[in-house]
């Protein structure tokens, strides 16, 4: 029943991502067929740097629909059910999440919020409560099994599991949806946990596809100002009202 | 800190729903403009029963995209966070859910699973644990506030709240998405809680728009057989393998 | 075979739209159940102006997901197939479009682009060509029918119909998707025809739901500047680069 | 101005597709983290055939959401604007289509429907009309340019281009959306052109990902019966009514 740390792994990226976006974008304005250009894009006969520059400029102009052709798949562990509930609200994405109906939590991992970790009294109260959770879960499962409800024991006992309970999820988003996810979830107004997850994902995106994600992050990073009302602004960038 | 019961209320239905679907469907095959036919659809000059029959027949033929033009909005209370996490996985829908980050749970309501309610020993264990939850939540909030983290106290303390914690949600789906929701969630394989919620929604749909939902429900209700593998079939309908 | 003018009619709006958005938004931050507040929202006990102000402020803050609960359905005639092809690229919407496979174009209506209408020589060339189209379509249908392909004659003959051919469509979008549609299609960079259609829809939106659409339109109307690169800016607003 | 043939090329498939789907599916029911299993999936330590079998069985059971994690990108040329208008109605997909606003059609390619090609009289009428189209387009462009509307000449002149005008498109769909596309578009009721395109895509899918697409195609191929009403059934499979 240990505390669990966030871990984000990238399982897949659409291959030849920049060439693909370059080809898709070119097809809109080109008389020929990009499939005929494709071998030269892959061989480097059309300079990869030229392709990357082209894509980066396209991104800046806001005409970003071609980046939808590239998707990334992440496996994430060490997030709470509170966090995963926020994540799956993003609808332009695909999810496969660990099921508490099927996987027994005989040794439940949990997420310890940093603010609680920092205050010894809070941490102690939290951790002793996690032990109470485990005991309630195990007791309820045993009672349910003893009363002939074996096949549904997990699914009923799970009602005592906390929002802190660790979950794992495989998720796929296209790059346009990823940018939107980062706009909202890398913002300092987002909850610390989903922000940490978004920042890990963003770091991987920047590493794998720098031309696409170099300006990725909270919306302020692209806008140069904070789009929130002054009351909620974190101060990293000026708000629009105070900008002029 | 009482147990809370499911309650589903319908807040909105697209007005003149059958006429709208009738008009949308007719526009596909009609040389004229349905806006010109619209007053006669509303006045009843074109018999409402004829409109309803037409829509029902269209539904049966499987060409159901025109029913997307009609949406319904429900307000739901008395569901657990476990249930709402399943609900929001349906992506062709709009959600506004009560936030545990902003709403303090000083007197947390919870959902008591019926299988637990039926076993006195289980119920007692469950209810005593709910009291422990409330006390852990309150303690943690107090500690966090005392340590200068007042504005985020809810959001950190919520990590101890159980999956059983009651939540409220306003959700809108179009009728095609509703049918899909019922296909999956009215099935006896669905978890009891989301099935109860789906059944309440379906009852409202049948009452408000009988021509659209008279065959609504789990997929077997339309198919006349169970599409699951025999291993998982509930027995209400024969599976395909055993059907012939 | 006359020229056809654009006509946009609103067939449906979600009832009690502002109260619905107000309720959905309130549910996120409110401990109670908005269904209990609902009668007071409808009766006016909670001042409709207060509701409208609340919704307008919410819109400004950018937290606009609750406006998805309200949808509008439009019937549109007098647009070209070129225009409808652009419209249906908007994916968060529902469409029912007149089918050229099923509806015979024995007397084809068409859209005359204003720039062509203004130049007598162009207009004459265009109109004489439309007569050639009609004759080619009729000839081909007759030949196909005479050769035993009656049931598919429309569907094959339609290949000679021009982009200018008039079409009719019923479309439903929620208010968030409508705003996005206006951002792109009310922009002076959009093609004149889809812009005309978007502007008609926007005028109806402003009339039916002023609190929601008072700042609706091209993105510059909300931003106060043009987000396009200077090369493409129409000049109505300064671009960001020239703004500071 | 030649007739153009359909050509479909696959530009991208999510790498390690079967392992990815296997991992995503396993994550739902597995206590561990699939990222830890990932190297063994790629190395073949977990038998690729076992992975493929597992995925195929999952598909059959109808629990197909994990196949969304894999996407395919196709470049298509040699389809008409009539066809592309049908294609882009599929909303769970990404498109980049050749623009008639930007690409001048000085030598327009077109699609010749096979039923017309087979009847010499029809073919002659069709082809002579295509020459008229080219001449009308060129005339109108020249007149518009001569009248100072050079930058918009393509966009206005395009109104005379036929539905037969050839277009090119890059499109990406995930495998669940692809299956849905094939359900509708490989059906003998679909128009011959979009069916030809869907069949080409399906052949590529079967070659690249046989475990996923071996039962792909019109819905009857999975169901074993035709879901259409008897009036519309093509006869390849019995309809449900006549099946029992």
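Going by the order they are written in, the chains are A, B, C and D; count residues from 1 in each one.
Everything that follows uses one rule, which is that contacts are C-beta pairs under 8 Å (C-beta built on N, C-alpha and C of every residue); 3 or more make two chains touch, one makes a residue touch a chain.
Predicted model, so just to flag it, every value in this text is computed and none were measured.
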Requested in this report: Using the touch definition up top, find the fewest steps from chain A to chain D.
Outcome: 1
Query raised in the report: Counting shared numbers against all numbers at the contact of chain A and chain B, is it over half, same, or under half, different?
Result: same
Requested in this report: Over half of the contact pairs shared by residue number: find the pair among C-D, B-D or B-C that meets that against A-D.
Outcome: B-C
Query - chain A and chain C, separation of their C-alpha mean positions in angstrom - result: 33
**Report entry** Computed distance of Cα centres, chain B from chain A, in Å
**Finding:** 26
Query raised in the report: Between chain B and chain C, what is the separation of their C-alpha centroids in Å?
Result: 30
Query raised in the report: Mind pulling the chain B residues that touch 2 or more other chains?
Result: 95
Query - Footprint of chain B on chain D - complex, ascending - result: 60-62, 227-229
**Report entry** For the chain A and chain B complex, residues of the former touching the latter
**Finding:** 80-82, 84-85, 88-89, 91-92, 95, 100-101, 110-111, 113, 115-116, 119, 121-122, 125-126, 129, 132-133, 136, 139-140, 143-144, 147, 149, 152, 155-156, 158-165, 191
**Report entry** In the complex, chain C residues that touch chain B
**Finding:** 7, 9, 11-16, 20, 23-25, 27-31, 33-35, 38, 65-66, 68-69, 71, 73, 75, 77, 94-99, 102-104, 168-170, 172, 174
